[in-house]
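Going in written order, the chains are labelled A, B, C and D, and every chain counts its residues from 1.
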Amino acid sequence: MNPTTRAPDYADTVRTPEELGRDAIGRTEAQVIGTSPIERTAIEREEELFTINMGPHHPATHGVLRLLVSLEGEVVRDLKPVMGYVHTGIEKSCEDKSYWKAIPFIERMDYLAYYSNMAAFCGAAETLLDLEIPPRAAWLRILHLELNRIHSHLVGLGTSALDLGAISMFWYCFRERDTILDLFEMSSGQRMHTRYFQVGGVAEDIPVGFARKVREFCALMPGRIAEYEALLDHNEIFLQRMKDVGIVPRERLLELGVTGPLLRAAGEPWDLRKVEHALPYADFEFDVPIGTVGDNWDRYRVRLAEMRESVRIIEQAVDGLPEGSWIADERHVVLPPRHELATSMEALIQHFKLVTEGFRVPPGEAYFPVEGPRGEYGVFLVADGSAKPARVHMRDPSFVNLQALREMCVGGYVADLIANLAMLDPILGGIDR
Amino acid sequence: MVAADVGFAEASWIMVVKSLVIFAVILGLVPMILLLERKLLGRFQARYGPNRVGPKGLLQPLADVVKLLSKEAYKPDAAVPILWAIAPALVILSATATLAIIPFGDVADGNVGLYGIDVSIGILYAFAFGSISFYGLLLGGWSSGSKYSFMGAMRSAAQLISYEISMGLALLGVIMMAGSLSLVDIANAQADTIWYVIPQFVGFLIFMVAGFAETNRPPFDLPEADAELVAGYNTEYGGMRFGSYFMAEYMEMVVVSGIAAAMFLGGWHGPGPDWLGPIWMLAKIMVLICLFIWVRATLPRLRYDQLMSLGWKVLLPLATLNVLVTAVLVVVT
Amino acid sequence: MEVERTKLRGLSPLDRPRSPAELRVRQLRARDMLRGDLEGADLDEYVESRVLTTTLERAQSWARGNSLFPATFGLACCAIEMMSMVSARYDTSRFGAEVFRASPRQADMLILSGRVSIKMAPVVRRIYDQMLEPKWVLSMGACSSSGGMFANYAVVQGADKFLPVDIHIPGCPPRPEALIYGILKLQRKVFGDPDLGWRERYRAGGTEEGRRPWKAGALPVERVGSAPAAGIVTGHGQPGAAQLDAPVGHPQLTGHEARDAYEEAEEDEPAAGPRPAVGWRDDA
Amino acid sequence: MPDAPGLELIAHEINSRHEGAIVGTAFEHGQAVLLADPGLIRETLGFLRDEPAHAYRFLASVHGADYLPAAPRFAVHYELLNMPRVERLRVKALLADPGDDGLPELDSVVDLFPTADFQEREAHDFFGIVFRGHPDLRRILMPEDYVGWPQRRDFPIGGEPVIFTATEDTVPGWTR
């Protein structure tokens, strides 16, 4: 493009090729792309390379992730993720909201794992308050967390299959997802972003008929998973696309801080549900599926197996749901029951104070991790004694896991890059927060 | 029924009328296939598909086409002007031209052949135009000045080379059995014996697989793999130029289905009176098109290298073997 | 002149005015929309030009409204509900709006599904510019309509600061039914107002890249160094480096301020030549 | 989690190896915190990672924080994890605000824990903490040319005031 052919107005805005190659601080393209050994060989043969810019608007980046990909023919030689395109400043906004008003913000971070987000935040706040949630609340949390895990894996599976070209899977997965969202809607009134978890328990007890609906779902889901398997597992093209693709060794994944199904697919049986006992997962009988090779096939299989295990947990949760209150009886934190507002002046004042000011949390810091669908969701919370958090930080698994993408993709084909990214299953809302 | 001579020619006014009729039928067929695809895909995916525009959604393709026609015509700054403009036309032209050899019946009343032309080179004509249509994709992708288009163009070129040979070899068996290149002769030859799909089953499979690749249909839609290359070679195309590519894809589906129906499925021959011939042919074409759609709803996309190795390492040896075996059998019997 | 409310409600922009009184009603409505910017003959001309005149135009807008291809473009939470829109339960394909096109050139409708951050705003604008006329924008959810709950440093408070938005859909996120309702509303709008007069007014029509008639810098989003979308490159060997580090303009002006800014810019240096009619520009 | 005496033992052990590396300990809500000297953060984390008795090999999270009224204003937290023993340990490096336009500085631990790469960039992006030796310290989530460190406590939250009918006249440029 020759600058002189443009209108004179553009003269000050058009960059010459030299300027384009060298940015404001004098970094060349090669330097931006990086300087690891593989990259250095790539730079030496720079004229062979072909840089394409995937995203922020690209059908397969699962959001607005941007990837600067250096290609040699169809082979990925280097890759650089650029993110922040949905950076929303949620952590900052939370500092301006009282604790219970911050929950809706927190759940909009990773918008497929809103229950995990909420569980991590409420857990951190409860740690700071030294608040014990009643068993019914804990079981309801587990029930919803596992429903959420299935929901998230379904969306991940459907969009991954769409990226691989098996379009119908998308519709089948979203059909089941809608069933789960009906359950969410039944218990909380919203399909997404339910704000169901509350500091001290859950916002409301489950309605009449919920347990029956959940049992129906539990009866339905294993058959549906079998259908997905029938469609994909014996498909030669799918097998070829998935097997032995995107392998990163287990040790490297641990170094990179990867958690969740990605890590388990590589053979590391690390699941916070089994080791951390903040939620009573120990009362449940379930297995942690792990892979052996750590390729995309293992990742896909681990997710499917996790869905089955989640169904098991949900069945147990709904069968053995303890009686009792669904929220802690701590009136300085928890809103008084609705019926008391009409009869008790103290309850009314309490309600008013809690809604307008929120509750105060004693000064302190806590880090509370939860195993979500993508790995470890951890909220780091600093309280300064006021009713608003002083600092909220979400350790989002997508953000950390994304660092493994480069190692998964370099040396593979562009098509594998798409498969890897789909199997990494990043949620950009969680990455950018 | 009189077997037509190769080189049989009607009066020129008949040819003009004939070509207009065929063109009208196919041009009417393509939007119907578009709608059929959307409806069928909907059924495969547990939903309805278009049903609000006109009765039963029948006017949906019309709305699409009129909308595409009324979109702004636009050329990116980086595009090469003339090539960019003629590339979609090239695709449409070659697809239309290939339609001419698809027979919908034999010579009726001794003076009108129910086909565009019956050329002596027969199927070679289709291959020649099939190759030209790839220039459309290649030029369109290359001249767009976009990297995604460029990659799509390169992929389509590689795909052409890998699949054209297998496709040709797959048909060689049929040609040897029928002893003619003309599609009319081949269809007639099947009336006496059995449909060639039975003796030439391997050839039929290879032809269909290569046909999927030729038409850029899933699972071989690499040139426009929308998950990887946004929209591949037609990333920069909008409006009716994009619509041309879109329609050409469906016309090529008709062509491939037509050739397969004529060469493997007995062409227009079927039970019932002779005048049912064209309807039989259309029915066979539609069945094959439903196969195309079914495959699209089911199969994931191949990777680039897998596509290559399937073409060169599986299809080509198989097709060669098929030709050899057929040749031996033809000579022996 | 007294205007009866029943009359106002019963009018469809699709209909030809049946009487002078009805035309007057439309004029008044148009004046309401224009907030008194036009008067007298100008206003009459404006209203005349807004009324569907020919059968061809009607057919054209019927086709456009019934074949809205959305761009495959998801921003945040709402994107998941946008994907649900095509799912088996909701199925927008019934209305012919399920063909998600990945390339903005082939899309008619941009669904802003989620919060638009200051980093994303130039990209969104560029995608909008890459779409071909006629094009429509749906702002889905609270965040892209008004910033929603995220009133902070990172989020653009409403996408209509840098884009002409046709339909705002409330909700956080809106249910797929709400989105479908929005699309049906958009269909009605397309049926009724094919020539997009208000876009012309806001200089929002014909904004393909590289053909901006106004002065660089006066736009809400600057062209220079704005992050490229979907890898559309316009030159040879344009590397990622400059894209990474080049200054990116951010929309700091509100809608009216921006409009004032480029009206000022236009006074400084008028756009070269009259703009051709939307939708029929030839590239020859 | 190491219990409170165990935490003191770890602190003592590190201090005996690297003088003054640990300036304090804290144990609250069952979570163990080592207050580390920012100058010796690499030594501390390296020790905790490599010493077989501790082997905190997994760095779960790195995050910055701004305790504005407090005297060492900034802090960087490292959430360490020993996977076999399921023990978490937080190392907290307090950084003083250098004042004026200066930025607090800290050694990068990317070579010890590759996972810190993005997370240190994020802390840099939001709090302006400079990680010395980081291979690619640029903004990660905010635009490249953004000015300011948005998640510091003294940075305004931003956004726009909500305009109601009653206030629309006071907001310039809204009505004409």
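One rule holds in what follows: contacts are C-beta pairs under 8 Å (C-beta built on N, C-alpha and C of every residue); 3 or more make two chains touch, one makes a residue touch a chain.
What you see is a predicted model, and the numbers here were worked out from it, not measured in a lab.
Chemist: Out of A-D and C-D, which chain pair has the most contact pairs?
Modeler: A-D
Chemist: If you average all the Cα positions, which chain's own average lands nearest?
Modeler: Taking the mean of all protein C-alpha atoms as reference, the closest chain is A.
Chemist: Report the inter-chain centroid distance for chain A and chain D in whole angstrom, where each centroid is the mean of the CA atoms.
Modeler: Once rounded, the distance between the two centres reads 22 Å.
Chemist: Taking each chain's centre as its mean C-alpha position, how far apart are chain C and chain D in Å?
Modeler: 43
Chemist: Using Cα averages as centroids, what's the distance between chain B and chain C in whole Å?
Modeler: The mean C-alpha positions of chain B and chain C differ by 39 Å.
Chemist: Between chain B and chain D, what distance separates the C-alpha centroids? Give it in angstrom.
Modeler: Taking the average C-alpha coordinate of chain B and of chain D, the gap between them is 62 Å.
Chemist: Can you pull out the residues of chain B that are in contact with at least two other chains?
Modeler: 45-47, 77-78, 147-148, 226, 230
Chemist: Using the touch definition from the top, which residues of chain D touch two or more other chains?
Modeler: Where chain D meets two or more other chains at a single residue, that happens at 141-143, 150, 155, 157-158.
Chemist: Residue numbers in chain A touching 2 or more other chains?
Modeler: Only 1, 52-53, 58-59, 84, 87, 89, 92-93, 170-171, 175, 432 qualify.
Chemist: Classify the inter-chain contact topology: is it line, ring, star, complete, or other?
Modeler: Per interface graph, the chains form some other shape.
Chemist: So in the complex, which bits of chain B are touching chain C?
Modeler: 38, 42, 45-53, 57, 59-60, 62-68, 70-78, 81, 145-148, 226, 230-231, 234-239, 242
Chemist: Note which residues of chain C are touching chain A in the complex, please.
Modeler: 71-77, 79-81, 83-84, 86-89, 100, 102, 104, 114-115, 117, 119-120, 123, 127, 149-155, 172-173, 175, 215-217, 222-224, 227-231, 233-247, 269, 272
Chemist: Can you tell me which positions in chain A touch chain B when the two form their complex?
Modeler: Against chain B, the touching part of chain A is residues 1, 50, 52-53, 58-60, 74, 161-168, 170-172, 175, 231, 235, 237-238, 240-241, 413-418.
Chemist: Can you list the residues on chain C that touch chain B in the complex?
Modeler: Spelled out, the residues of chain C in touch with chain B are 59-60, 62-64, 66-67, 72, 87-88, 91, 93-96, 98-99, 101-103, 105-106, 108, 131-134, 206, 208-210, 230-235, 278-283.
Chemist: Considering only the defined contacts, which chain C positions touch chain D in the complex?
Modeler: The touching residues are 118-119, 147, 150-155, 157, 244-248, 250, 254, 256-257, 260.
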